[in-house]
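Shared between the two complexes below is chain A, which has chain B as its partner in the first and chain C in the second.
Up next is the complex of A and B:
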């Protein structure tokens, strides 16, 4: 078992900086997701931990031991590739046995452990199949089983679920969580799917353009995004971000959204506290689609908007609105009886609003 | 496994009852497109073959002064074939040819494999060395033969080199020595044809999926285990192709020998091709050559067939629907 510490880790490919001075501590037995869009450096980070890529700068420590010069085969790291990299010329049995055979374990023990893993992964009746004949779902199970069988201290998974169909993906998510509890390994999980990250991980490291944006529990990352990138990336549909400016309205601090309207901060202490830490008048206001309310009554409490599109998706309805040229989305629980073209008022949720500095994108007033 | 191959073969050959109109159209088009080639083949393969069979059953030769059509006047049925089995020089030449194949092809294979392993990774100067390595293959075999003919002269550079290294006077008469002559020829063949092996095997090795090699590394396999358990099994087909190709080519060895030794000293380096050449142009035993050629054709066809079956088995294993022995 091992913790992983990445210390000012950088990787440059020519002029491109894939990972930029990354600082990350992954505690022992934790499930950490590296989350970010394509090209954010998450896979490169993973490859450096595994030893497939050599860092340009910085250090990687397993349990405070620098592993810079340890070859990948001796790092005791299990790695599940995005495309599984199953040995197609071997049977499922031979695939599962590979890691044990190269360690020259006794035949009987290999056989016992392969059968154990096969039954755990529900691959019993596939053992003597050539792996080239397996379905994608089965390949996935072989890939995980093949790495798990050697009981590595650290388990790295590179977008392992991205090729699966939706139903099996949901099933594997649960399965992976079970596996981690069973093996008690440190797991690092690369994904661009924030739902996967939210549901699986103990901690999420959000990355963009090689830079770590935020590192924290799923709840923290979701509820207290450190900047507009994280705010925008987490959640589906993503957080509504509206440029605004700080003003005073009859002696009361307020946010001005131009022609759309004004938001008085008198009744929202949390927002007011965030507002007070602002350095510049130009800000970005954020609120989650789930939290916002729509009213058709003509009071002054909200911001004016026009319904442009209503998207019923199963249990929810996502209402698209045009607010002074910007599109915002609001998610409502059930069917939402409102027509396209209706003029409505949008009411931000009290106590659940975010405020960011417009220039740096950094969140204001975080503890 | 054999059963699977057999049924697959039957499927391919027999006209399936359920040929779709689309398939039928394809078959028709294929037939028409290949018709000229088939007719040509009929003329350049089937006719000479039949002629050869006919001539091989007679004593006909160029000194008879008769057209081959009247060869039946010296019909002897299977005398030529009987003679063939008693012909020590024939069997000797076969033995020598096989010896060359058995020594050269594996050495070329191993050298080629080693070089391919080296060249599959990037290193500075890789392209230049690659081009240099492939040069011998491009040289006309007769020229290569002449080159080695000079190298192996008793006053040639090779003896000179050995003399300088050992400090003794080395003067092997390579090409006139009963045992050394064939060694010299083998060295020339290996020099010339290792590049081809290297080229084929390198192509095969490049085709081994990188991610599977990475996966093997991360599962704890060292370089040797990766090579043995991933690279080699993945290259099985390519290896069989390379070996069969080279074995067949090497069996026909002629030009190097012709230039370097002419089969000498005596008949110490006489290959089957060289023997047939001498029979044809020196001894003018044309009907005997016809019989000999047919015999060789049948023998080589059998060999090729064995190779093909091995290949099909390998393929069948790779394509078996699920089932395969662990």
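Up next is the complex of A and C:
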């Protein structure tokens, strides 16, 4: 079993920096998700861990052992690719047996393990099929099985579920979790889907443009985003971010949203504490769609907005509002009674608001 | 474009028929000519028929034994030796071109090596063949390789290498690199990845390339004409010598030889038909 330490790891392709001085410790037997939009460097990071790409700078340590000069074949890693990379000229059996045959295991042992893995993956009745004939879902099961069968200490998955249909994706999520419990591997999982990352991972590393943005448990990343990028990337619909400026209203600190209104901080200690750490007056205010309230009464302290669109998505209703030219979204229970064009007041949740520096995007007042 | 569907269809089938006829007539003509006795070869008797009036094996007998009943001239060289020469040089030339071309194409496709090499490989083909072959002839004669099986095989390999290289490169480019990376991570060496994973995936392409290169070598006339004298004359060159001062061009004998010469490519083609028809469908990447 193995922990992985990435130490100021960089990868440049010509002028492009794909990964920039990445520092990451992935503890033994943990499930870590590398999360970020396309081109954020997460796949390059995976390829460097597997040994497919060579780092430009920095080191990779497995259990404090520098594996820089080990070829992929000797790193004891399993790799599942987004496009499966199944050997289509071979049968399912041959695909599953591939790694074991390379390792020259006895024939009976190979046969036993292939059948065991096939039944685990529910591929028993497909063993003799030429893999070119399989469905997309089955291909991915073969790909996962082929990598898992050699029981590598480290299991790398590069967007393994993104080509699958929705129902099967949900099923595979639980299967992967089971697999990890069974084999007790260190798993690194690349995805751009924050729901996948939240539901599977013990820790999430959010990346953007080759730079690590935040590394922490799903709850930490969700509840205490370190900057506007993470705040915006986690959650669906994403966090509402509104530019504002720090003012004083009759001696009480407040946030001014221009014509939309003013938010007094007198009653929100948490927000006030964040406010006090601000270095510059221009800030970004953030609140999750599911935390915000809509009220039609005028006397409530809130921000003026107009309903532009109502989106019923099964269990919830997402209300789109225009707030001084900026669109914000608020998630309410299903069949929430509101009409398009209504003028309403939006009330931010007490104790659940975020504040960021407008220039750097960094969160204010995080412990 | 066309007035109606029936009109469109009839024009279509007419064109197809025309194409089929154009392709088949020479083949059929050769096939029947091979069995015609000497008087039926030309219009010398005043008439020309599609089918032989008096079918005979005489033409075949003549090219293999040097004599036959209705031909007065005896042939000083029979066809066995040229057939053997053609087989040896075409097979060896194909082997050289395909092996070197495949390895080179793999390197260029996967490791981005060689800079302008892929294009400069084509340079032998950029000039009229005769312009290139005269210097080659001088060089070969200097090296003592004229009229030898190795000399001819080598130049066949060199001349058809660009085809093998470019065909295989396009096919290798289509194999997703992740498949090889997967095999590497599973513990394979680079060579094993090539041998066990990549090559089997392009075997259909490899078979087609072999056939294509073989046909090029098998049907060559110019190179063999320049680089052989006596011992290693190939079928096309030998065929040209099937003429006599008395009888002129010996069409029947040429047709008989042509029929025999068509056997290897046809057999080869049928043998790998499965691959030719299936074409290249890599199911690995489903987006």
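Quick notes on this structure:
The criterion applied here is as follows: the second predicted complex is superposed on the first by the 366 of 367 C-alpha atoms of A that agree within 3 Å, B and C clash if a C-alpha of one lies under 4 Å from a C-alpha of the other, contacts with A are read in each partner's own complex, and residues count from 1 in each chain.
In the analysis below, a contact is a pair of C-beta atoms (placed from the backbone, for glycine too) under 8 Å apart; a residue touches a chain by one contact, two chains touch by 3 or more.
Here the structure is a predicted model, which is why all the values come from computation and not from measurement.
Overlaying the two complexes via chain A brings chain B and chain C into a clash. Shared-chain residue A:240: touches no atom of chain B or chain C.
Contact with both chain B and chain C is seen for A:72 once the two complexes are overlaid on the shared chain.
Of the two partner chains placed by superposition, chain B and chain C are both touched by A:52. Touch criterion met: A:87 reaches chain B and chain C at once.
In the superposed model, A:43 lies in contact with neither chain B nor chain C. In the superposition on chain A, A:139 makes contact with chain C only, while chain B stays out of contact range. Touch criterion met: A:129 reaches chain B, while chain C stays clear of it.
Of the two partner chains placed by superposition, only chain C is touched by A:163; chain B is not. Shared contact residues on chain A (touching chain B in one structure, chain C in the other): 50-52, 71-74, 77-79, 81, 83, 85-90, 98-99, 102-103, 132-133, 146-147, 150. Taken together, the chain B residues at the contact with chain A in this complex read 209, 211-212, 214-222, 225, 229-230, 233-234, 318, 320-326. Interface residues of chain C, counted against chain A in their complex, comprise 176, 178-179, 181-189, 192, 197, 200-201, 203, 281-287.
Residues 47, 50-52, 71-75, 77-79, 81-90, 98-99, 102-103, 131-133, 136, 139, 143, 146-147, 150, 163 of chain A are the ones that touch chain C when the two sit in their complex. The touching residues of chain A, when paired with chain B in their complex, are 50-52, 71-74, 77-79, 81, 83, 85-91, 93-94, 98-99, 101-103, 127-130, 132-133, 146-147, 150.
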